[in-house]
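Just so it is clear, A, B, C and D label the chains in written order, and each chain counts residues from 1 on its own.
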Amino acid sequence: MFKSTKTNRRTGENRSDSGQAINTSSHSLASRIQSWRSHHRLVAKQSIQRLLVTPVSSLMTILVLAIAITLPAALNIVITNVAQLTGQTNDHVQMSLYLQKGLSDTQGIKLANQIADWDNVTSTRYVSPQEAKDSFKSMDGFAEIIDNLPENPLPGVVIVIISEQSLSVNDAEMLRERAAALQKVAIAKIDLAWLQKLHAIIGLAQQVAAVLTALLAVGVVLVVGNTIKLAIDSRREEIIVTKLIGATNAFVRRPFLYMGLWFGIGGALIALILINACKYALTNAIESLSLVYGTDISLAGLGFTNSMTLVLMGAMLGWLGAWLAASQHIRALEPR
Amino acid sequence: MIRFEGVTKRYDSGQEALSDVSFELESGEMAFLTGHSGAGKSTLLKLIMLMERATSGEVWIDNQNLAKLSKRHIPLLRRKMGVVHQNHQLLFDRSVYDNVALPLIVAGYHPRDIGRRVRGALDKVKLLHKEKMNPQMLSGGEQQRIGIARAVVNKPPFLLADEPTGNLDPALSAEIMQLFKEFNQVGVTVLVATHDLALIARMHHRSLILRDGSLIGNGATKLAPNNDANMDDN
Amino acid sequence: MFKSTKTNRRTGENRSDSGQAINTSSHSLASRIQSWRSHHRLVAKQSIQRLLVTPVSSLMTILVLAIAITLPAALNIVITNVAQLTGQTNDHVQMSLYLQKGLSDTQGIKLANQIADWDNVTSTRYVSPQEAKDSFKSMDGFAEIIDNLPENPLPGVVIVIISEQSLSVNDAEMLRERAAALQKVAIAKIDLAWLQKLHAIIGLAQQVAAVLTALLAVGVVLVVGNTIKLAIDSRREEIIVTKLIGATNAFVRRPFLYMGLWFGIGGALIALILINACKYALTNAIESLSLVYGTDISLAGLGFTNSMTLVLMGAMLGWLGAWLAASQHIRALEPR
Amino acid sequence: MIRFEGVTKRYDSGQEALSDVSFELESGEMAFLTGHSGAGKSTLLKLIMLMERATSGEVWIDNQNLAKLSKRHIPLLRRKMGVVHQNHQLLFDRSVYDNVALPLIVAGYHPRDIGRRVRGALDKVKLLHKEKMNPQMLSGGEQQRIGIARAVVNKPPFLLADEPTGNLDPALSAEIMQLFKEFNQVGVTVLVATHDLALIARMHHRSLILRDGSLIGNGATKLAPNNDANMDDN
């Protein structure tokens, strides 16, 4: 076409020489890995700095995330605790035998021991009228009334713990009838309906918690995704120019993935604080309850492993949200 | 090597910006691209760097058909090309230095090499003393020169420039053109879109002339009375 | 300087002619007001549309606002309700006289009537042992026990309502001693300490609520302000170009003020929904309580006027937040 | 009328962009502003539209000392000036039509007037057929012409243009200059910063020449061999 082509071919070789020179000078594998690593460190640091530049909006996002993480976590803790509170009735059914008035404690204890040997009965406990009265007195407002009574109106009670595993509702009813037939027993009460209801409620609550956990995990992903989308929008130009210059999608995505990671971790950390604050408040409230119920309840918190799991989950969800938003929106940002 | 084979580019709006354009630029060749406003110069350059894709026809770069280039390989293609954009495409959220360093960072150069190369490129466009400033604080012509420095900083085998001297005075324009010529002399393939016919005339290089999307001229510029070695048979 | 000046002067007159022509053609007061109005309408509409373009982030902001508005509003409602619940003890102090066993209802009523005439006593009410037993029976779990008792162990009670206004703690104590000295009275109880504690708690809660309300009002302003700041950042270029073309700060600020307004109103509306949902849930919970307490409690909600006030407050706070952010950030965005 | 009295502009960076510049442009006059890249042309124009304020000296517009102009009155000053910016300053989030309509909306024109005026202005720069497009879809030169249309749409008494033809081919440049001249003929004061010395030469108008911030020329262009009526005594 042109005679000049020949000349160009020669300089063309020059070109490829210098091209190779570039490659060897800075693209050895070790050097590449080293600069890749230092770039990761830099990007991780810069993305934190960027969050600190707009502290209010960063905090806002993190708070929303923290609330979204706290809700299911707190609900799960409540369920765990309720299940634990009802621990004995969870594994066992309890039957109360109100004894005839006038029976002595010795007779009561004897009856209790006797019933303890029955089939399907795990254990029994005798509650004397005096004990019953004392536990009533500890309830607010009753003390005066009970003190004022001419004599202790309360009967002795035998508490029968029945192993639930081997027990159908019918078996339980039969057991109750057998106890009620005893001469010394005035009333035999077994609260199966309540038990079944409680179990159903706990089961339902667990289902609700599972759904809520899933929903709010999606919520976390959405919130992070949306925040990352806004960040991408505000750095539109930078992304386009960087792509024009030959940046890969991975390169452009990197700072946003780190940002999502920090959001997730930050949200989970704040959630941990919120959860522990709630636990502290609840413990105080329940301590008074414990006195009334006569049992010593310690609230099960999150523990170290669960806390770490929560932070890890937060980090993963944050990263996922960022990744979804970044892949979608960065791909759309092609230079024009 | 840049080769267009019957390339037509129709934008979504229906506008046909290029119609059946064919030409070949050898490796190490330098050429000008000219034509009226809206003739399709920028579109042609955008096809080369895959900012747009041809509607029909084929664009070949170094024996690679761009239509067959997967998305994953676009970044590598772009790293081979230094591009001076018509609208600069500088980032105003960082210093001049950081703008020029961007292609090196993107390509994963070692930090130790970056400083040396960036300062070298800034020195070539006579703006080393402004390296710490924000591009927004620079005059139009200075911004344009930063764009040129960024295009050449990683010594790419291709150099595309879209109206690189539109905001420069005639003396500076000549210097920049001289710079492009020097790059060309060490083997870089150079394609410059420009309206500056006087400049083209002085440079004695091949020129591609577009009119309404069609290539109506493909050879040494008609304005050039004397031809240099590259063009002596035209 | 130049002879040309003369020529220019002439054309200069031309210029001012055409300038005047512009002024008269489209700057008459009526026409200006009309286009000002239609611009307001347009901007109000556009700013809503802009919020709908990014539904997730708009919703996020509105939810944060709603929560910030709900918290103090709900707290205030709780306080109002508690104060109302303790309404009688708020205006009156109540004294309980547990009568000696064996007194007939007639004697009890007589005693009640007698005490009603004392100074500082507003009214009295006699509660027969049977009534007391019935109210106990309605409490869960007690029915069986009480039915099981050989005789009703509960004494008759005279409830004495004392007007609090004229009553010091000493006067109340004297009144209690006077009643206790009566032969028919076994125990006279007046729970002044509890009353004082409750009043202190309600007072404290009101202070906390006031502080919280103020804090969260500031929070609303901050959140809206921050969101508006982000919106301004993302429309930086538009603002600069519009200013370059001669837009006043008011013109540039307008869409952001409307945006703040919508945020505030939206937050308040969602808060209303949340508050009413909480009220509904609480009402259910309290209904069971009501049965125990024997009184019929209806929860005071927000009512129409208060709801409107809430929305208005939301609108004002949103507008204020937007105004603060806009004045600050738009002034800083001078074209360069 | 535009009058500079010993104006110096030193940027925060310490850069002295203008040093003791004095000149006067009568109402209805047309002049060119020229000088090397970074000489201070854009800075001079920015002082007139109060994008920057003079460090010392006084800038007078229509017998108004800009140093004494309160912030509140800046918008009114700007509405008197049509400005073609070196970097276009178009908004890419709306159509060409909406871009050109902006000065009218800002000034509170009645919607009924806006359509007519916008189409008139677009017609003058030969881009009426692109009114519905996004400016991003236009070529560099077309964008520049949109900027020109926006500058003239509300028929302002002053017209400032910073490198308005940097991205235009010679023929179109001449047409745009002709357009400015027509505006000048109906009384608009026109000041055009440009590098295009050939164009200046052809136009036979006064030209202000800057070098490193100092005014080194203030009169009819030396390149102009024949003067028109306006310049005949120089």
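Some notes on this structure:
Everything below uses one rule, namely that a contact is a pair of C-beta atoms (placed from the backbone, for glycine too) under 8 Å apart; a residue touches a chain by one contact, two chains touch by 3 or more.
Note that this is a predicted model, so its numbers are computed, not measured.
Subunit C and subunit D, compared by their mean Cα positions, are separated by 57 Å. Subunit B and subunit D have Cα centroids separated by 29 Å. Distance between chain centres (mean CA atoms), subunit B to subunit C: 65 Å. Within subunit C, contacts with two or more other chains are made by residues 336. Residue positions of subunit B with contacts to 2 or more other chains are absent.
Under the stated contact rule, the graph of chain-to-chain touches is a ring, a single cycle where every chain has exactly two partners.
Screening every pair of chains for touch gives A-B, A-C, B-D, C-D. Here subunit D touches subunit B in the complex through residues 11, 13, 15, 34-38, 41-43, 86-88, 133, 137-142, 144-145, 162-163, 166-172, 195, 197-198, going by the rule given at the top.
Only residues 1-5, 7-19, 22, 25-27, 31-32, 34-36, 38-39, 237-238, 240-248, 251, 334-336 of subunit A touch subunit B when the two sit together in their complex. Across the complex, subunit A is touched by residues 54, 56-57, 60-61, 63-64, 67, 98, 101, 144-145, 148-150, 153-155, 186-187, 189, 222-223, 225-227, 229-230, 233-234 of subunit C. Residue ranges on subunit B touching subunit A, taken from their complex, read 1, 24, 26-29, 49, 51-52, 72, 75-79, 83, 85, 89-91, 93, 102-103, 105-111, 113, 150, 154-155, 157, 184-189, 206, 229-234.
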